[in-house]
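In the two complexes below, subunit A is the common chain; its partner is subunit B in one and subunit C in the other.
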Partner chain A sequence: MTNSVLDLEEADCILITGSNTTEQHPIIGTRILRAHEERGAKLIVADPRRIQMAIHADLWLRQRPGSDVAWLNGMMNIIINESLADEEFIANRTEGFEEVKEAVARYTPDVVERISGIPQEELRQAALMYGQAERAAIVYAMGITQHTSGVDHVKACANLAMITGNLGRAGTGVNPLRGQNNVQGACDMGALVNVYPGYQVVTNPEFTQKFEEAWGVTGCSDKVGLTVTEMIDAAERGEVKAMYIMGENPVLSDPDSNHVIEALQALDLLVVQDIFLTETAELADVVLPGCSYAEKDGTFTGTDRRVQLVRQAVPPIGDSKADWVIICELAQRMGARGFDYASPAQIMEEIASLTPIYAGVSYQRLEEQGFLQWPCRTAEDVGTPYLHEGQFTRGLGKMHVVEYQDPAEMPDDEYPFMLTTGRNMFHFHTGSMTRRSAKLEQESPEGYVEVNPEDAAELGVSDGEQVKLLSRRGEIQAKAWVTDRVPRGLVFAPFHYAEAAANVLTNPALDPQAKIPEYKVCAVRLEAA
Partner chain B sequence: MEYRNVLTTCPYCGTGCALYLQVLDGSVVGTLPVKGHPISEGALCIKGWNAHGFIHHADRLTKPLIREQGQFREAGWDEAYNLIADRFSSFKSDFGPDSLAVLSSAKCTNEENYLLQKFTRAFLGTNNVDHCARL
Partner chain C sequence: MNRLEALRNAVGELLDKVEGVIALRNKSGHVAPHLFREREELNGLGLSPKYPLPATLRLIQNEYPEAKLGIVCRGCEERGLIEMAKRNQVELGNVTVIGLACTADEAEECRCAKPYPSVLVDAHVGERTEPVPDRVAEELRQKEVAERLSFWRSQFDKCIKCYACRNACPQCFCPECTLEEELWVERGRVPPPFPSFHLIRAMHTAGKCVGCRECELSCPAHIPMTALYALIRQEMGEMFGYEPGVDLEDQPPLVLPMEVEI
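And then the complex of A and B:
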């Protein structure tokens, strides 16, 4: 998030898109609803599904999945034409506006309606509501990013915020809600193919030298590595021989599960470190028992760059070991130096010494203050509630021209429905933890697919009956939930359930830059089971 | 009987809610919200209230497992470490560092993510390290 969870309450207008906030980030959802209902902040929701937030919104735009560039460009076009753009902010703090202005001019309300299905008058109301707000915040999640045009969607959100001057102040910003407790931290720590900790790129020799000196090694690669989906393809081709997977379950979480299983089986060696024998661990040659969050000390970094302590409550279960201990012991066994730490606090000291945005973070400060929001550059730095105040990190805020493109796989005669996937309120990701939590499993014990009532009637399917879903990648069977949460032609399936695994169906087409798969759109056929 | 509340951070989404794990005689038996926390303000969602639910589940892995003739058997840590160390070293020397790939975890701590990318970059010699941020 450019801003903080807390300052969402200072917004005059909140635009939520591609985030089922009340189910997936309920505590943030509550805060947004409080801003809306108690302070009168305007609430705009753009989502293909009639989620709970859509019911509360002042305005609900029901766009076709994957059409986000079109309606976001369309909003900008109206804002510019209505003289609601922040000319001073654009002139002083950004570059690229003229090109964007020229491009969005082609996204007239009728063009946008044709691409996105959003009625012209509703688009206009949304543009005025967002454009007239003194402080407007954009909130999004994977509904924006999990597309072959995901990067363009994010750039369109950033353009909209920049042309209205909605960055660098409390109650504004471009605010992705991160779906995992420490996905922000894993990125910050350089568990990414192109960056060392703190986003210091591996292709810059200065950074490589810095880390080689600190780690006492030579020969760190300057070649950007393979992303998770590329690793799977390289494993299938035999180029990657061995994989080490810590705490991830790609068999259920990656697109096109059948392909993932084949690729992992093609490896010469698969090592999985996890707390349960997940669907991925079942394929491993060696399984190492790690520890849950309750059995170790450490830190997690939340969606608003908030670093907080994780504290050990109980000793490791059985002979399991904390994941940091396992990494250190294996590295030492292989002859690596620099893996003899007494505690996670000591590891954080090394992180802080090499990562400028974490330089002021220490366990002592976290114990005393509860949290620190990065950038936190010195021991005196109180941290940063919102980014880009006065100046962007790169100097001027860069606006990018983005154009609408169809998703990679659109419905056709053979596969006439669009499938979109996600989570529900009771389960988390591949369910390895929540499906083993008795109360959560009791609330939502089986897979299902949301089907519009008219589509269900045509198929001859009643609520609660089993349906078969087929795509070009595979088929699953799940219970039909006949509901107007989804419009005609769209079905939704959660990916938590191994026995009705939505990712058997999904399309492994990637955004060319971020390499994020298009989980939110693929073509399927429905049949009564 | 020994009872403690341990202040920690929720293991589910990225909101960053605080919670207390209720620990009775060495077992986590429940979850409580934290009134004074700036993000969660004494509230939790249904997953947060159940953040203790899986910790002592009977399915927890308690020993390393090694596959032998298609079946897993329990092994000691030394045997598992030696097997991984030998095989990874020989892949690295036979096929080069980029024949190895590592997935780190958005469920693990910052310190663990830091160490796994350090191990991958500094010792294995490849940037083939990623996690589920894209998924």
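And then the complex of A and C:
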């Protein structure tokens, strides 16, 4: 997030898109609803499904999945035409506006309606509502990113915020909500293909040298590695021989599950480190038992760059160990030097010494202050609640021209429905934890598919009946939930359930830049089971 | 002497007479219930935020029914203890109560009708402050039924079915809860179906709810459900002349014992 969870409550207008906030980030959802209810902040929700937030919104835009570039460009076009653009901000803080202005001019309300299905008047109202707000925040999640045009969707959000000057102040910003408690921290620590901790790129020799010196090694790779999705393909081709998977369950979470299983089986060695024997761990040659949050000390870095301590409440159960202990012991047995940390606090000292944005973070400060938000560059730095005040990281904010493209696989005669996948309130991700909870299973014990009542009637399917979903990649069976949460032609399936795994169906087509798969759109056929 | 020091003294004195005192403890910037056993621990004693300590007493008594215990109680916690005792959830014979009066600000925040304990108390800490009327409930009472219905619908539409209201409630101790029964509340739906989930809870706390507001304080959706329960409490008073949490001897009208053997 450019901004903080807390300062969403200062926004005058909040635009939520591709985020089922109350179910997936319930506490953030609460803050947004409180801003809406108590301060009268305008709430715009753009989502193909009538999610809980849509009930409360001042305006609910029901776009077709994957059409986000079109309606976001369309909003910008109206904002520019209505003279609601922040000319001073554009002139002083950004570059590339003229090109964007020219491009979005083609996204007239009628063009947008044709692509996205959003009525022209509603688009206009949304543009005015967002454009007229003194402080407007954009909140998004996987509904924006999990597309072959995911990067373009994000750029369009950034353009919209820049042309209205909604960056660098409290209550504004471009705010992706990250899906796991510490996925921000994992990225910050360099668990990405192209960076060392703190986003120091591996292709810059200066950084490579810095880390080689600190670690007393030579030969750190200066090549960008394979992304998660590319690794699976490389494993299938025999180019990746061994894989060590920690705390992830790609058999359920990656697209095209059957293909993932084949690829993992083609490996010479698969090591899985997890707190439970997941569907992926079942395929492993070696399983290393990690321990849960309650059994270890450490930090989590949340979606708004907030570093907080997690404290051990009980000793590790069984043979399990904290992830850092397992990694260190493994490294030591392989003869590596330097993996002799006494505690997570000591590891944080090393992080701070090598990672400028974490340089001021220490366990002592976290203990005293509760949290620190990066960038936190010195021991005196109080941290950064919102980014880009006065200046962007690169100097001027760059606007990118983005054009609408169809998702990789659109419905056709053979597969006439669009499938979009996601989650529900009661399960987390692949259910490796939540499906082991009796109370959560009681609420939502089996896979289902949301089907519009008119579609269900045509198919001869009643609420609660089993239906078969087929795509070009596989088929699953699930219970039909006949509901107007979804519009005609669209079906929704959560991917939590191994026995009705939605990712058997999904399309492994990737965004060309970020390599994120298109979980949110593929073509399926429905049959009564 | 401020309230915290006064409370520390009172708990310290009581520790000489009982095996432990249930109160709040500050640790690592967080507050949680704690069974104080030694005077040395009292540096960590906490005052706020308020927390349903009677529920902690119940847990400890389940394991150690004979233990001689002390407990720090605000007005609402004392009322809660009285209702719990009537339903055999706590045994007050071995329990000594240190009463803690709420500040005027705390009473205002909770819209509390009796922000101090007075019935079970053995030692008093803090000055009594004035009762505060529940304005949210009063405003609702003035409204037409249709208006009230639409108010509650919009409030309950915010519910994420986390069950925090029930889990925080000192009076919700049923081993099996109707809110989890598919027959009454369709499972797996967010928000839960209107109005079954919330009205079942309102009906099931009638005659027990003492307005401690733990449900509301723990609700991530900020649903002002205490106002609804206050309206029901008023109706109960008018219908049965019963006010929960006031008198240990007064039998609750909805759980009267059978007078004849069957």
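Operating definition for what follows: the second predicted complex is superposed on the first by the 529 of 529 C-alpha atoms of A that agree within 3 Å, B and C clash if a C-alpha of one lies under 4 Å from a C-alpha of the other, contacts with A are read in each partner's own complex, and residues count from 1 in each chain.
One rule holds in what follows: a contact is a pair of C-beta atoms (placed from the backbone, for glycine too) under 8 Å apart; a residue touches a chain by one contact, two chains touch by 3 or more.
Just so we're clear, the structure is a prediction, and the values are computed from it rather than from any experiment.
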Which partner chains sit in contact with A:E82 here, subunit B, subunit C, both or neither? Use first/second/both/neither.
neither
Just checking: does A:I27 make contact with subunit B only, subunit C only, both, or neither of them? Give me first, second, both or neither.
both
Going by the contact rule set out at the top, does A:E329 touch subunit B (first), subunit C (second), both, or neither?
first
Where does A:D484 make contact in the superposed view: on subunit B (first), on subunit C (second), on both, or on neither?
neither
Give one of first, second, both or neither to describe whether A:E443 is in contact with subunit B, with subunit C, with both, or with none.
both
On the A-aligned overlay, A:E121 touches which partner chain: subunit B = first, subunit C = second, or both, or neither?
neither
Decide which partner touches more residues of subunit A, taking subunit B and subunit C as the two options.
B
Regarding the shared-chain residue A:E262, is it in contact with subunit B (first), subunit C (second), both, or neither?
neither
Could you look at A:E98 and tell me whether it touches subunit B, subunit C, both or neither (first, second, both, neither)?
neither
Examine A:R311 and indicate which partner it touches, taking first as subunit B and second as subunit C; both and neither are also allowed.
both
Interface residues of subunit A shared between complexes with subunit B and subunit C
26-27, 30, 309, 311, 370, 425-426, 439, 443
Report the residues of subunit A in contact with subunit C in the complex, numbered from low to high.
22-23, 26-27, 29-30, 33-34, 37, 52, 55-56, 309, 311, 367, 370, 424-426, 439, 442-444
Quick one: which bits of subunit B touch subunit A in the complex? Just the residue numbers, please.
4, 6-18, 21, 23, 26-28, 37-40, 43-48, 50, 52-57, 59-67, 72, 77, 80-85, 87-89, 91, 95, 97-119, 121-123, 125-135
Inside the complex, what are the residues of subunit C that reach subunit A?
28-29, 154, 157-158, 160-162, 180, 187-188, 190-191, 220-222
